[in-house]
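The block underneath contains the structure these notes are about, expressed in structure tokens.
Order of writing sets the chain letters: A, B and C. Residues in each chain are counted from 1.
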Amino acid sequence: MADAVPMFEARDLARYFDVSRPALQRLISGEGRRLLRAVDGVTFAIPKGTTLSLVGESGCGKSTVARLSVGLYEPSVGEAVFDGRDLAEARGMADQRRRMQMIFQDPYASLNPRWRVADIIAEPIRAFGLVTTRSEQANRVAELLTQVGLSPLDGQKFPHEFSGGQRQRISIARALSSNPEFLVCDEPTSALDVSVQAQILNLMKELQQRLGLTYLFISHNLAVVRQVSDRIGVMYLGRLVELAPAESLFERPRHPYTRALMEAIPDLDMTGRERIPVAGEVPSPIDPPTGCAFHPRCPLANDRCKRERPEMEVAGDALVACHAVEEGRDMAA
Amino acid sequence: MSNAVPLLQVKNLRVEFPTRRGTLVALDDVSFQIAPGEVLGVVGESGAGKSMTGAAIIGLLEPPGRIAKGEILLDGRRIDNLRYEQMRRIRGKEIGAIFQDPLTTLNPLYTVGRQLVETMTTHLPINPAEARKRAIGWLEMVGIPAAAQRIDSYPHEFSGGMRQRVVIALALCAEPRLIVADEPTTALDVSIQAQVIALLKRLAREKGTAMMLVTHDMGVIAETADRVAVMYAGRIAEIGPVREVVKHANHPYSAGLMASIPPLDRRVERLAQIDGAMPRLSAIPKGCAYNPRCPRVFDKCREVRPDLMPAGTTEAACWLYETEAARG
Amino acid sequence: MAAVVKRFFDSDLWWSFKRSPVTVLSAVVALVCIFGAALAPWIAPHDPFDLASLNLIDAFKPPVWAEDGVAEYLLGTDDQGRDVLSAIMYGARVSLLVGLSATAFATLVGVSVGLIAGYVGGAVDGLLMRICDIQLTFPSILVALLVDGVVRAVVPREVHDQIAIFVVIFAIGISEWPKFARTVRGSTLVERNKEYVQAARVIGVPKLRIMATHVLPNVVGPVLVVATLNLGLAILSEATLSFLGVGVPPTQPSLGTLIRIGNDFLFSGEWWITIFPGVALVAMVLSVNLLGDWLRDALNPKLR
């Protein structure tokens, strides 16, 4: 990494949502405010030109991190830093805002059904005044459509004329149209069929190499994440439990939750091994367990885990938030 | 397993949707069978017709869709031409259905216990007290902790994963001989998904229940199914033992589909992909529906539509295996 | 333009229209009403406001098919010898004008309030929606009576006659907007969380622009339905107000005014003076409402 300043940094980033009942009802029932800690203090940095992926089950806060990192949410606590600048400040400057873009999960909801594809793709171009004439704009749209594997003629159509995979290509073209450097991808392939998923993942990797993009990639699918990531963060109940280089995470998962996740993936090789699924379910983030949030489901949990919340500690080339790993208890198991 | 007497037979099933722009053929000439205790996985991209096949079997095709041709036989008895009331009785008693969204199956106004008891007393010759005892047993069986207490809870008091287990209990409690499960684990997180798959597998083994498992998740199929049918554009492209189809698919489409699954155990620079997209029902190409995307296409594929024919260890609807079929 | 027309005739909307005979009939009735009303000065057989042409000898002529009916007055005449058919056409003109204007006014206010409440949310949403709630607790006719009463009290009589029609439009419009606001707010809440709106927010498109270019075009469907259904209601409200004598001035009689005037003769045997304007009102409102019902079903993808 020649450039030492990371593209994006989260410093103890947190986002709480007020899920209290309406004031009047609270007054009557005498119940207090209730906070949902969707993201509860995560720290990571994404060096330029690399991909950091966040994985975890639904409700772990990974999508909230994605929205925090492009400024769709404001942090409740902590800092989001974009290329060395506070994110809120960067969001206030058009030439900085232009450098970040987002790709969404649902290809059916991410394109305005009443707009023509060319207008959808040109929206960022117009918003940032990147071209001056209409013909320049048309050329740029045609170029973008070609870049994502569609025909320039597709610009005149409406979104409903396309399949899910094609729509996701349009979304990518729109995101690329402001010449961004940082792309936040929130489950970009989860709604797609597997053969189309491969098309989109290949396209994204190709674009990253060609344009030197930096990705924050959100997914629940470990196999997908393995294909695209340089580093991977595993989230559980709003916190990072493990952050490691991609290969290291798969070769040597350290946190008991990471191991459980890998164990849970159905086996395509049909080795016939009996998997032991992790028991129980993800607890409610409104009322998380004390100490380590994973302790009720963890085979290695002891009294300390129930009492004391583990912090991220260095373990080899990874960061792991687990007392058992820190104490070396995981080796015995 | 395929030699056993089939419990479910689907013969040349054709489902049509009359629309104002002409009749769309959603399923065309679909034939397969499932033996007792066997799990048939049905895979394919969205719109390939896999859910439609399940809906046709349980008699819940969404109008204006209708069965235009073919037969569905349960235990040798035709069920595709039954009246609504007769079909409803069969649906509870002999065929259990599990859908992707548990909320569509559960009645939010009744406790889960009441729903289980009613299902059992309707279809089985037992009294309510006995039914309640069994209901607790079923809830325990599907892995709901403290079943005796939770039986009187309402569906909304359960979490998503627990609700899906309740749906499974509800589908199983009348001891049907066939279960049609449409994406039963898709809405669930991986850890819960693994629990539900393990449960379904155990039930098929222990109770001899036959199951049609519709899903787009190849991992689930590989773990659960005995045989797999791969569907494309309303037809079965390939059908065969799960190990063969997943590992050595014969139809170029199934092969492409399997190859495009990202591997978990290694990183590849470029994933194998199938270019293009599945055609819309209104624009299915002449000949083999897969021919515009097929890497091994030749002239005949563009003209004549292939039927299923023996292809090594599986059956594939592909002209590549024509000579083999003639020999065999 | 030709392409747009072609697209319309190729659309699901046109298709569902053609398949519903009730809707086609409603459309025909509504069109007859609208054309009859709009073109009244040119196609009406008489000018009911031209006092010079009125002849008291022609008073109380029954409809043409009755014993004493004359072909000149198809639907008979009133106590002053005015042609009932012409009066209905001119009256429908006023009714329709008031109905359309009031609905347009209510749509404008309601859509703006609903968009802002739904998109901005929070305290603004709370405040605007409470105002809606309060407004909805008063029957709309009461609100209209109140507005009319206040205006009558503050402006002199001559001025009032001149602005009466605007007062009625305002009174009806102001009592109907909460329906639009609620509909639009609901749809806006759904749309604003959709990812295409978030994509625009990531780029930094200003709020007002997002509301106008992204959210608004996607909430017009339900607005159109409410507006059509509301048009019938607005015409009825105007008729009610005019029937009660607080609506448009008698110099510009609407259907409601005609019904009120004719009402006096109902029991003396001259039924046609009140019944025909009543029938016209029913035909107009019913056809518009049936069109609205059809539109609601046609735009609802679940029922298609």
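The rule is short, and it goes like this: a residue touches a chain if its C-beta (ideal position, glycine included) is under 8 Å from a C-beta of that chain, and two chains touch if they have at least 3 such contacts.
Heads up on the chains, UniProt names are B = ABC transporter ATP-binding protein; C = ABC transporter permease.
As the structure is a computational prediction, the values presented were derived from the model and not from experiment.
Student: Can you give the shortest number of steps from chain B to chain C, where adjacent chains in the path must touch?
Tutor: 2
Student: Check A-B against A-C and say which one is joined by more contacting C-beta pairs.
Tutor: A-B
Student: Using the average of all C-alpha atoms in each chain as its centre, how far is it in Å between chain A and chain C?
Tutor: Inter-chain centre distance comes to 51 Å.
Student: With centres defined as the mean C-alpha position, give me the chain A-chain B separation in Å.
Tutor: So the centroids are 32 Å from each other.
Student: Note the residues in chain A that touch 2 or more other chains, in rising order.
Tutor: Answer for chain A, listing residues that touch two or more other chains: there are none.
Student: Within the complex, which stretch of chain A touches chain B?
Tutor: These residues of chain A touch chain B: 57-58, 163-166, 193-199, 201-202, 205, 220-224, 226-227, 246-247, 250, 260-270, 275, 277-279, 281-282.
Student: Where on chain C is chain A touching in the complex?
Tutor: Against chain A, chain C makes touches at 194-196, 198-205, 214, 217-218.
Student: So in the complex, the part of chain A that touches chain C is made up of which residues?
Tutor: 67, 70-72, 91, 94, 97, 100-102, 104-106, 109-114, 120, 123-124, 127-128, 171, 174-175, 178
Student: Using the touch rule from the top, collect the residues of chain B that touch chain A in their complex.
Tutor: 45-46, 159, 161-162, 189-195, 197-198, 216-220, 222-223, 242-243, 246-247, 256-257, 260-275, 277-278
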